[in-house]
């Protein structure tokens, strides 16, 4: 199955911590990868984003899905 | 300000595409980085996740916040 | 109150699992329903999505809000 | 690839609406399916959720990923 | 219908900006309100969060649902 | 670092509840603040949203990031 979420960063599991309901998975992202962020045009202009800018992609851990071959 | 979202991947903006309301920002993640995914214990066990597993971190583009120094 | 999130699938609770902070609720969706997914134009074109395609709507469990009459 | 997001509802694309950056995809969910919602224990207790309750699973359209075989 | 998302901040619409697919709604939050954030225990400890701390609740605009009586 | 998520509501921590993996942080939002919600044009029109409308901004607790100076 192909999925619409194109942002897929490959890495290795470094730690698995199981709670009663949730689990926290630490992943070392090892390969460079191209990701797409969708933000408001207003925020893009507010930050003055343009090609070549050094930026950080910030992601809340609850938003990450784990895939395994 | 320090923020609770520890997942911050550094990279370079490769493309900015402005719509009427939204903007799509392509970012080349260039450095390795450790990220944390929070999933259900049930999913972690269903995938049999353990240290050393090769996995993908899958992220919908609407979930990514862009930070710039 | 009417809310902007139009995607509301009706079902029955099959299981409630309480942790210290979180709870996992299993819901059997019983009725057909029309839902809307917002993805990038680029992903829609990449998947070649068109009327009549058989697809899956994939949703991380942290993203689901539970409503009860 | 197997993914941690177990909530996958099968359906048929009814409409594709392309904007400049975003696309809206309407999907008719046709089969019953079991989905899991993760909410706070406090909310689960506040709603008094228990087996057999009739509920709605409410999902913002930006949170839905589309998969296609 | 009661919903599990307890975070509801009351306010007034200041601006509506319609795109082809998306709309941006600016809301002036006018009343104090108690909200709950769910983060990892690790992040809570990393920030040293305790009663009385002055903090910011940061929310990506795609995550906000609008309700109207 | 400046971030694209412009919605930042200032407040005071009222309670910290630690679980095994997750933590629930209650924050009293004390100051008025302007926030932006991104919804579909269809939902905005369905609710008939216009300047001056009294609305609620509804946010699932898993979507809130906590920032601290």
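Read from first to last, the chains carry the letters A, B, C, D, E and F; within each, the first residue is number 1.
By definition in this document, a residue touches a chain if its C-beta (ideal position, glycine included) is under 8 Å from a C-beta of that chain, and two chains touch if they have at least 3 such contacts.
Since we're looking at a predicted model, the values are computed, not measured.
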item: Reaching chain F from chain B through chains that touch each other, fewest steps; value: 1
item: Matching chain pair for A-C (criterion: over half of the contact pairs shared, by residue number), options B-F, E-F or A-F; value: A-F
item: Rounded Å distance, chain A centre to chain D centre (Cα mean); value: 20
item: Chain A and chain B: spacing of chain centres that average the CA atoms, whole Å; value: 1
item: Of all residues in chain F, the ones touching two or more other chains; value: 1-6, 18-24, 36-40, 42-44, 47, 56, 58, 60-63, 65-69
item: Arrangement of touching chains [line / ring / star / complete / other]; value: complete
item: Residue ranges of chain E in contact with chain F within the complex; value: 3-16, 18-30, 32-41, 43-45, 47-69
item: Touching residues on chain E, where the partner in the complex is chain D; value: 1-6, 19-22, 36, 38, 62-63, 65
item: List of chain A residues in touch with chain E within their complex; value: 24, 38, 40, 42, 61-62
item: Complex contacts: residues of chain C adjacent to chain A; value: 17-20, 22-24, 37, 39-40, 42-44, 46-47, 56, 58, 60, 62
